[in-house]
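A, B, C and D are the chain letters, set down in written order, and residue numbers restart from 1 in every chain.
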Amino acid sequence: MDKAKVIRDPVHKDIFLSELEMRLVDTPEFQRLRRIKQLGVTNLVYPSANHTRFEHSIGAAHIAGRIIGRFDVGDAGEALRAAALLHDIGHGPLSHTSEELLKRHLDRSHEDATLSVIRESGIRDILSEYSVDPDVVLAILSKEHMLSGLISGEVDVDRMDYLARDAYHTGVAYGVIDMDRLVNTVELVDGDIVISQGGLRAVEGLLVARFLMTPTVYLHHTSRIADAMFLRATERAVEEGLLRLEDLMRMDDFDIQAMFRAAGGYVRHMGRRLEDRRLFKTAWFADETCGDEGLRESFYALMEDLGRWARLEVELAEDCGLEEGFVIVDITPRSRYEESNALIWDGEAARPVSMVSPIVRILQDTEASKWSVGVYAPQEHLERVRGICGNIKGYL
Amino acid sequence: MDKAKVIRDPVHKDIFLSELEMRLVDTPEFQRLRRIKQLGVTNLVYPSANHTRFEHSIGAAHIAGRIIGRFDVGDAGEALRAAALLHDIGHGPLSHTSEELLKRHLDRSHEDATLSVIRESGIRDILSEYSVDPDVVLAILSKEHMLSGLISGEVDVDRMDYLARDAYHTGVAYGVIDMDRLVNTVELVDGDIVISQGGLRAVEGLLVARFLMTPTVYLHHTSRIADAMFLRATERAVEEGLLRLEDLMRMDDFDIQAMFRAAGGYVRHMGRRLEDRRLFKTAWFADETCGDEGLRESFYALMEDLGRWARLEVELAEDCGLEEGFVIVDITPRSRYEESNALIWDGEAARPVSMVSPIVRILQDTEASKWSVGVYAPQEHLERVRGICGNIKGYL
Amino acid sequence: MDKAKVIRDPVHKDIFLSELEMRLVDTPEFQRLRRIKQLGVTNLVYPSANHTRFEHSIGAAHIAGRIIGRFDVGDAGEALRAAALLHDIGHGPLSHTSEELLKRHLDRSHEDATLSVIRESGIRDILSEYSVDPDVVLAILSKEHMLSGLISGEVDVDRMDYLARDAYHTGVAYGVIDMDRLVNTVELVDGDIVISQGGLRAVEGLLVARFLMTPTVYLHHTSRIADAMFLRATERAVEEGLLRLEDLMRMDDFDIQAMFRAAGGYVRHMGRRLEDRRLFKTAWFADETCGDEGLRESFYALMEDLGRWARLEVELAEDCGLEEGFVIVDITPRSRYEESNALIWDGEAARPVSMVSPIVRILQDTEASKWSVGVYAPQEHLERVRGICGNIKGYL
Amino acid sequence: MDKAKVIRDPVHKDIFLSELEMRLVDTPEFQRLRRIKQLGVTNLVYPSANHTRFEHSIGAAHIAGRIIGRFDVGDAGEALRAAALLHDIGHGPLSHTSEELLKRHLDRSHEDATLSVIRESGIRDILSEYSVDPDVVLAILSKEHMLSGLISGEVDVDRMDYLARDAYHTGVAYGVIDMDRLVNTVELVDGDIVISQGGLRAVEGLLVARFLMTPTVYLHHTSRIADAMFLRATERAVEEGLLRLEDLMRMDDFDIQAMFRAAGGYVRHMGRRLEDRRLFKTAWFADETCGDEGLRESFYALMEDLGRWARLEVELAEDCGLEEGFVIVDITPRSRYEESNALIWDGEAARPVSMVSPIVRILQDTEASKWSVGVYAPQEHLERVRGICGNIKGYL
């Protein structure tokens, strides 16, 4: 690889980018990622979590390069690094919130948006100019290429980078992963991406890291509240015509902030609450420790019926004498713990890590059994909402 | 100290805040600091440098608490921590740029702004409510208190925190300081803040760190260019009435961005350039290695006469056939290397570290001899500007 | 606390010791710990694992001081720090091996040895001289004091220090623990040592760290082999009168090495093998994955009958045509996972962490189900021993 | 490179060794390095400084491999890595002390010893077996090869590894170097080893690190005392026929310890003092701050005349009524600051870093001006020795 430029990264230290990669980084589409926080509103809980999709994308490309440098994949190497670099280029601002909005209202994922951006921008031509076939990059990002799993799979460069980076910037101790060992034990066997036996412990460490980071960071209860407030306010902005979801993939955190500040009513109110960190509080909460499987099923059914979910919130608000939007019902999405399907290669056969490792099996089961629902409301109305929620089953 | 809340910080790990401190943190004035990047545009060079004045302020309060916990200062301890927490509360967005603008056009410092914010906001009352005299806090921040030097002095908590934090978030190796040793060797002797003999090496380390961080981060040539572009664009925005400097201390990075995006002409153009990282390039450069002291003196004279400086830029631009604002003359401000006055206490007498340590004396001399001037212009006009600058002396 | 001296430690940075503590550290009994590697022969696997009981003991005292500094325990604070400092003072060289030898042949633990050393050396007087009651220190170390659990309990300063330190010196990523959070959430409630709710995640992290460190470091298969070779050679040395087990608690790594080098025959041979790292290899291996519970029970029965165990090895060796000592049967001792009994305090009641945390319950169960047996022999005889072991059940 | 084995190192994480390298590591000559502490008696000051020449040698080979992997040097790559691995294989125990003894009494360096060991052991054949010419390895280690400078030069892999490793194990903050940047900016230009412009700051950082590590660790006054005691005791042991200097390159720390313990009289006494850390104290001290250049010259003259130096110590001891060996005159050897000759390549010409960098020039000058002399004696005789030394000039 020609090494056109070096970028200093606190997680990986020196990262070398080729001339092609620098050209991609210098597009307005990629520069936009500088203005999208990796963890959205998490900085309201971990004040240093201000890192962005920009450095994460460069980090992912770096890890991809380290892995691919160990194989002979011919021209695919450059395409793979480019795919890693571009994997979040269609990501909207607001982190999870934008994903949720796209899914709910447009039935699109940010991966779809990424493909669109690549297809429709100058990125296509830049790739071609450097003899990298854009269709190979698109295939990798569409999970249709032999190497797709390195970008988005069980143990992929996206996850390796974000776990290490999120731990670094939050200061949480649990995201420490053995990057070196992971990078050095990924193998290509008969076209499958596997981890050799010597990397088993590192894979276990990665899965444990994700297991511990999930409640500590990704699903931290205060983050959930802020996220839920953000989501409701943004949905309202969409309804009021302040925001077109189709534009999300080209917007950044500044656009959203400007939209909130320019709005009136509920949207403005929620924007100010988030700026001043005057968050809603938890009025009611249930999770797997309550042992009520019927309750879980009711809420999972609700997740499939957005209309009914919205009406529930309205009813609860009305019965508390509150305006719409001041009672939020937040259902944590089903956990997918796909990493446990990562293949471990013992020199003869490849088996899922969940078969090889008892601890992974346990993490998988524990993850699968987790669910939680919270009802949030402003501090000053908490008691009232709490009272009404005593009979929440009656509303389901 | 009552420990009302713990905040996780990647530099210091667990930071405990008292109830009073949480009340201060929860004011809109303090929450604003979340939206002000510590290093302004430096993230265009070090992509992870997205940390903010918010976590820096909390970190400074933490260090202050560690130091003060070793002395018996009575009630002053709480006031000192509060002062450390609030020391940047009047800081405007844009980092150095806002300081420069205040100085040039209003002859104010961000320290003045900090005092105003405390005096005029609810912060005063919150302090009183917790029996901390606001006037003591103001005195500490005005350098009129015996302990002022801990907040802003030769070796102060501001510097300890920002060196460590800037190194952490840029990934640069040179900011590593021996925080433990510094905190443990600060002493109060006859009302003077001194460092005991055992901390000499740690002070040397701190000064070396700052010495190496300065060209690597704080005065990185690309940062200088971006800073200079920002400054010119903002000055133009002030001229065009888009921005009132008096408001700067209550604005954040989002306000500035919104202002740039809403503007037209030059301001808008420069805003887009900064967003897309299409920076000016260096057409001409001179520093202490050229040996021309007359040149240095000419530029230092120019720094004292803003009108003549502006005219110089206009003349250069005109002679290159460029519009005003497309040739920028950037003069690095005189270095102040005050840390070399830190007092080292050998058990009998306190002497400036520059007297005790040869390396510090050298760093001081080297710093003092440094100066540099750059002339920046768009890539596409670089050759023309370069030609004109061959005769830059003729313009001075 | 008076802070008489500061010691620089790579794990905890500055550690302050009082005058009393320095007096204890300066005794020949404590200085001996400099010459006892913390992890015995583990440096044959992790070359940097050369840290000693000396710095570990100082680290444990430091953590004890941090915790106790948060409570009001009156005079007990100094006794507790002294106990933490002295907790390994009777530890023999060879790490696990010496513990195993004491247990097998003298039915003593190294804790007993620690009590003897304190009672019989000048340490008693030094404690008294500084008004610390030696009997309180002895009570703490005998688990007869309210605070004993901090030194040796579910989540104790011994474990906190060694996990962090072993990870630091091996370079293994998994020992990272959230020391700050642990130290800050230990509480004394009604005389019980508990961890408050805010520390639950940190306790889980500690237990996961130990879970991952165990196979990676503590029971690494190559370490087990080296340990087993060491144990057999030392037992032979005892039989031959080259070593008195009663003296072990006053010996160091140099004494053992000198004994090996001065010996002849088997002991000398094994000593050289260990020096040159010509280790035995695994001829046969079984663990919980084989599903044969009868096998496990047979070996556990063998562990209780040292004579029969020794005869088994002799028989296996004879049938392979090898001399005694060249076939070693190594049975991993039953795991004790006592940390899962650590109490979590939710403000109202204290419950074992295994009840509160699903992941801990799983780790506990997994640990409990683990067992393993290896048969080791020299490389050159491996095939022969492998053949005989095909029928190992016949020997049990 | 075939990657036969991975070794976990706390400084570099995963280090891969080839089959040849593993064969070299597995020789008794190389395994001996496990038993030689990198920093000799420094662990009496920094308790965790127990790292050995073994892991340092492997680390140096690793850095060499990283650098050489960036060039096309044909077969020389393997020879260079082998040379880096073997560069300390003739190093005696006791660190500096053994070097000093070899120089004084045999006029040999440990580099000479390294060449002997390679020539006379099985290592020669192992190299040949893997088609690496032993004479090329010997040439590299004799500074007669184009690449010799990478192993022992201005900015070499030896120094890069030991600075980082010594900082890691002492816990001192100042040894932090930007390994990545150094490795990535070493270039081969016309057969010269140079550092490209982008690495200038990293070289400055390395030199500053060494500058700060020198007084803090390498010449720490307590280390100097312990070193001096060790040296005198060992010289006496040589005189008494307890030790043959010719054997030093095959001995380890255990041999020395055993020799001390088996000895009688002065040698035994000093051995016990070192074990129990009952060190001599400083009775008299002078360094460059005293401004007496005549004094410096007198001592430097003494360094050239070992006989006179020994007689001085005897005279001082006699006049204090002490036995020979209880007054030690310790002269710090002249500093060599060769790193300042490292070449910086600006794309057109290579110039010494001391010409390019003001800070390096200053460090060089400061280093050059440093000198110090200490007179050490047992605590109990300190006053008497102090009195006599008042007139030390009369003895010179």
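Everything that follows uses one rule, which is that a contact is a pair of C-beta atoms (placed from the backbone, for glycine too) under 8 Å apart; a residue touches a chain by one contact, two chains touch by 3 or more.
This is a predicted model, so every value here is computed, not measured.
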Chain pair with the higher count of C-beta pairs in contact (C-D, A-D): C-D
Far-end chain from chain C, centres as C-alpha averages: B
Centroid spacing, where centroids are CA-atom means, of chain C and chain D in whole angstrom: 34
Computed distance of Cα centres, chain C from chain A, in Å: 42
Geometric centre distance via CA averages, chain D-chain A, whole Å: 50
Where chain C touches two or more other chains at once, by residue number: 13, 172, 178, 181
Pairwise touch network: line, ring, star, complete, or other: complete
Contact footprint of chain C on chain B as seen in their complex: 6, 13-14, 16, 178, 180-181, 184, 198
Contact set on chain C toward chain A in their complex: 172-174, 176-178, 181, 201-202, 204-205, 208, 211-212, 215-216, 358-359, 362-363, 366, 369
In the complex, chain D residues that touch chain C: 7-11, 13, 26, 28, 31, 34-35, 43, 46-48, 50-52, 54-55, 58, 168-172, 254, 257-258, 261, 275-277
